[in-house]
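Pasting the structures in now, so scroll down.
In what comes next, subunit A is part of two complexes: it sits with subunit B in the first one and with subunit C in the second one.
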Partner chain A sequence: MAVETISLTHTYAVGTAFEFTAIKGVTFKTLAHEFIGIIGHTGSGKSTLIQHLNKLLTPTSGSVIVNGFDLSDKKMPMKEIVKRVGIVFQYPEYQLFEETVYKDIAFGPTNLGFSKSETDFLVREAMDFVSLDFEKLKDESPFDLSGGQKRRVAIAGVLAMKPQILVLDEPASGLDPVGREGILRSIRRMNKEIGISIFLVSHNMDDVAEYCDRVMVFSKGELLLFESPNEVFAHADLLESIGLEVPQAKKVLLMLKERGFSVDASFYTCDEAVAEIARCLRQAKPC
Partner chain B sequence: MNDITVGQYYPVDSPMHRLDPRTKLKGVFLYVMGLFFVNNLYGYGIAFILLCVCVACSKVPISYVLRSLKPILMVIVFTSIINLVWTQGNVVWQMGFIKITDSGISLAANMAARLVLIITGSSLLTLTTTTVALTDGIEMLLRKVPLLSKVSHEIGMMMSIALSFIPTLTEELDRIVKAQKSRGADFESGNIAARAKAMIPILVPLFVSAIQRASELAMAMESRCYTGGTNRTRMKELKYRPADHLSMTCLVAALAACYFTKALV
Partner chain C sequence: MKTMIRLEAASFSYDEADSSKTALDDINLEFCEGEFIGIAGHNGSGKSTLAKLLNGLLLPTKGDVTVLGMNTKNENEIKEIRRNVGMVFQNPDNQMIATIVEEDVAFGPENLGKPPYEIRDTVDESLALVGMAEYKDKRPSQLSGGQKQRIAIAGVLAMKPKCIIFDESTAMLDPQGRKELLDTMHRLNAEEGVTIIHITHYMEELITASRIIALNEGKVAFDKTPRDAFSDLSALSPLNLAAPEVVQIADGLKIAGFPIEGTALSCEELVEAIWQLKQSL
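And now, the complex of A and B:
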């Protein structure tokens, strides 16, 4: 599903001493099935933006259009919106509340009015997608699980609602490297296999470089760049000036270039960088 | 959640903000006590002017001060009606079984005026005093109370921790509500039973995280060898300044004037 915003602006606590404009004049258009990365320093307006995508916040001015429907249209009930746009907040394990994993994941689909058998199917499917063993875990208490498993249960809880757009705010933060990769891989599978559009908010440039089709760069509430990772990471100086950096692999290439190696520093993923350095070394060696 | 004005600090710099928290605490205490001795229009007039001067000195917008009245507006209206209808006295107006008496009117007006002044006055205290200053002030004042002087530090500490948790928990609550709304939870429709049940997905995670936070804080305090009690010194000592003595004198004088208006009627 495509998402579009037109000069979206949001101001908190209008008319008080706490008045604060979190995002101003944000206009963009995404395509269906796209994997979008959202990066920006803390307080750059990322969280405010994503809360507009399922109408948790309403714009102070401007509009949000999801698949042709203007979200400010009053006729659109909240349930119809959350059915289409799922949001996984930061540290989603804090929203778990049920006695069993099964019940917790079934909370969303039940709210949306799916029947018992449909819900059962959706819970199985969602657990399978985030690599949780249905038979083994369905009757466990979610509070007895490990941190990584809790996170998966929480993501499955949103996934079970069958959203066509999935927004994830730092889904991998605070997890160990294995857990991190597992979660990001699952998200990529959702995107590639069932064609869910993904919005991934992240502070980790390597993840963004590896997984995203296009990247939004936010600074002080404004959308600075919205391009492919290749083009975004070409602006190394700009990123640095707003408190971000380029992926590790690209950093290595840039440093090598600075030292006089004839590498092409436009690559940004780890595999590409390795290949490029190997090529450079082979070339330098007189055979 | 933005309607909670009591306990919400309004960050500007003003003479009122700069007063010693003890002065403000004692002032509010005296003001509230004083209001119970007032029983005529002149007295309320002086009390009202006093409050207006304080609000003007505080630089807090009037709309903000008045917002604290919103939650208890119903209480004021309700008690006024009860007082108006149920008080015995000389009947001034009658319709069917409803009788309105002169003493009913005066009692209702008295109560309403008192409530409005008390609530506005005490919310002015929290609007102009940070929670840290407030608990410091309470702790210092409790030291002078005979039975509580030994545990005054512990009481102050407990209060400041409890108060500092309020914004954190409010934020947490907001996050949980948003997360559950995103999962299709509906808090706005259905009868009372359905709505109460709809609170479970919010309250369970909120309690879990509150307990977790409390135990983490206890651990952090213990690992830094926290001990309360007598030998603790503080970085910012509270000191009365001339402004404190001046405002206290003015307050006492105004309250005395309120009291002696009795002689006028």
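And now, the complex of A and C:
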């Protein structure tokens, strides 16, 4: 599903001493099935933006259009919006509340009016997508699970509502490298296999480089860049000046280039960097 | 070097009747004053349990933990132990209690019953140490994540601890916030001699540690210098740990037939090593 914003601006506490404009004049257009990364320092407006995508916040000015529907249209029922756009907040495991994993994941679809058998199917499907064993875990208390498993249950709870757009705020933070990769791979599968559009908010540039089709860069409430990872990381100086960084592989290539090495510094993943450096060394080697 | 904290055959179980609930199993470790220790391990490996044993938030179900010679099981000394070993958690919002920065930092020394003029000095000094002096009148809600974490550190510093434990304190921060926090940790370690114990999933944050202790299934998997720890990547993967990207690139080059000399830990070192290799071809 495509998402579009036109001059989206949000100001908190209008008319008080605490008035603060969190995002200013943000305009972008995403395509259906895209995997979008959102990066920016703390307080850059990322969270404010994503809360507009399912109308948890309404614009102070400007508009948000999801799949051709303007969210500010009063005729559009909230249920329809929630069905389309699922948001997984930071540390979603804090939102788990039910007695069993099954009940927790079933909460969303039940509230959306899905029948018992439909809900059962959705819970199974969602658990399968986040690699949780249905038979083994359905009757467990979500609070007895490990951190990574709790996180998966929470994501499954949103996935079970069958959103066409899934927004995730730092879904991998606090997880070890293996847990991190597991979650991100699940998200990639949802994107590739069922075509859910993904918005991934992340502080981890390596993850953004690895998984996203296009990346939005926010600073001080403004959308500075919206390009492919390759193009975004070419702006190394700009990223560093707004408190972000480039992937280490990219940094190494840039430093080598600066020292007069004839490397192509447009690569940014580890494997690409190895191949590129090896290529240059091979050229340097007298045959 | 003087011993800061010692664990002797320390075990901890969340349920002694159930062996699957054993979080730490027979740990023997010694942390010395002035060290910068990195602790790594996958989720559920026992890192946070270990952190809580170090200042008596949890007591070992078997064995002993002593801080500057004081046993954490000794109720008369627990206050002194906690004053000496401060802790900074993952989410700074859980650690802020006052509505103004300087009041938050003053909370600790106020509870120690210090006279007001002394508290004033301690608060100013602590805020200066973390580079947040100019924010003393601000509300915590006006600060960024990295700034909040530094206020949390100032609150701990106001207790004049000899050791600070950072339990995944960088996990929620953006790259800039992480850098600020790491710089602060290193400065406290180098200039004030504070012993630092840094628990993290980000291995690149540990390349400057004096040693890295990796936990796995509640046991110490290794206790090595960063250079030794990253010289053998095959030892890391069974522990679910990932080497810093720089180390992975060097490893990839070795596999591709370009033996990079030594174990480069930073981008600068790797670039230098590649340069040297090129000269020798």
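To be clear about the criterion, the second predicted complex is superposed on the first by the 287 of 287 C-alpha atoms of A that agree within 3 Å, B and C clash if a C-alpha of one lies under 4 Å from a C-alpha of the other, contacts with A are read in each partner's own complex, and residues count from 1 in each chain.
Definition applied: a residue touches a chain if its C-beta (ideal position, glycine included) is under 8 Å from a C-beta of that chain, and two chains touch if they have at least 3 such contacts.
This one's a predicted model, so the numbers in the text were calculated from it and none came from an experiment.
Once both complexes are superposed via subunit A, do subunit B and subunit C end up clashing or fitting?
clash
Tell me the contact category for A:Val82 with respect to subunit B and subunit C: first, second, both or neither.
It touches subunit B, and subunit C stays clear.
After lining up the shared chain so the two structures overlap, which partner does A:Ile165 touch, if you call subunit B first and subunit C second: first, second, both or neither?
Once the two structures are laid over each other on A, A:Ile165 reaches no partner at all.
Which partner reaches more residues of subunit A, subunit B or subunit C?
The partner that reaches more residues of subunit A in the superposed model: C.
Is A:Glu245 touching anything from subunit B or subunit C once the two structures are fitted on A? First, second, both or neither.
The second partner, subunit C, only.
So, A:Gly148: does it touch subunit B (first), subunit C (second), both, or neither?
Touch partner of A:Gly148: subunit C, not subunit B.
So, does A:Tyr94 touch the first partner subunit B, the second partner subunit C, both, or neither?
A:Tyr94 sits against subunit B, while subunit C stays out of touch.
Just subunit B (first), just subunit C (second), both, or neither: which does A:Phe107 touch?
Only subunit B; A:Phe107 stays clear of subunit C.
If you stack the two complexes on chain A, which partner ends up touching A:Gly174: first (subunit B), second (subunit C), both, or neither?
Once the two structures are laid over each other on A, A:Gly174 reaches subunit C alone.
Name the stretch of subunit C, from among 59-67, 77-85 or 185-193, that runs into subunit B once the two structures are superposed.
Comparing the options 59-67, 77-85 or 185-193, the clashing one for subunit C against subunit B is 77-85.
Please output the residues of subunit A touching subunit C within their complex, sorted ascending.
So the residues of subunit A touching subunit C come out as 40-43, 90, 146-148, 170, 173-180, 203, 205-206, 243-245, 247-249, 251-252, 255-256, 259, 261, 270-271, 273-275, 277-278, 280-281, 284-286.
For a test of understanding, state which residues of subunit B touch subunit A in their complex under the given definition.
That would be residues 2, 10-12, 61, 64, 172, 175-176, 178-186, 200-201, 204-205, 208-209 of subunit B.
Under the stated contact criterion, what part of subunit A meets subunit B in this complex?
Residues in contact with subunit B: 13, 16-17, 51, 54, 56, 78-79, 82-83, 86-87, 89, 92, 94-97, 107-108, 111-112, 143, 157-158, 161.
Hey, which residues of subunit C end up touching subunit A in the complex?
Going through subunit C, the ones touching subunit A are 41-44, 90, 144-146, 168, 171-177, 201, 204, 240-242, 244-246, 248-249, 252-253, 256-258, 267-268, 270-271, 274-275, 277-278, 281.
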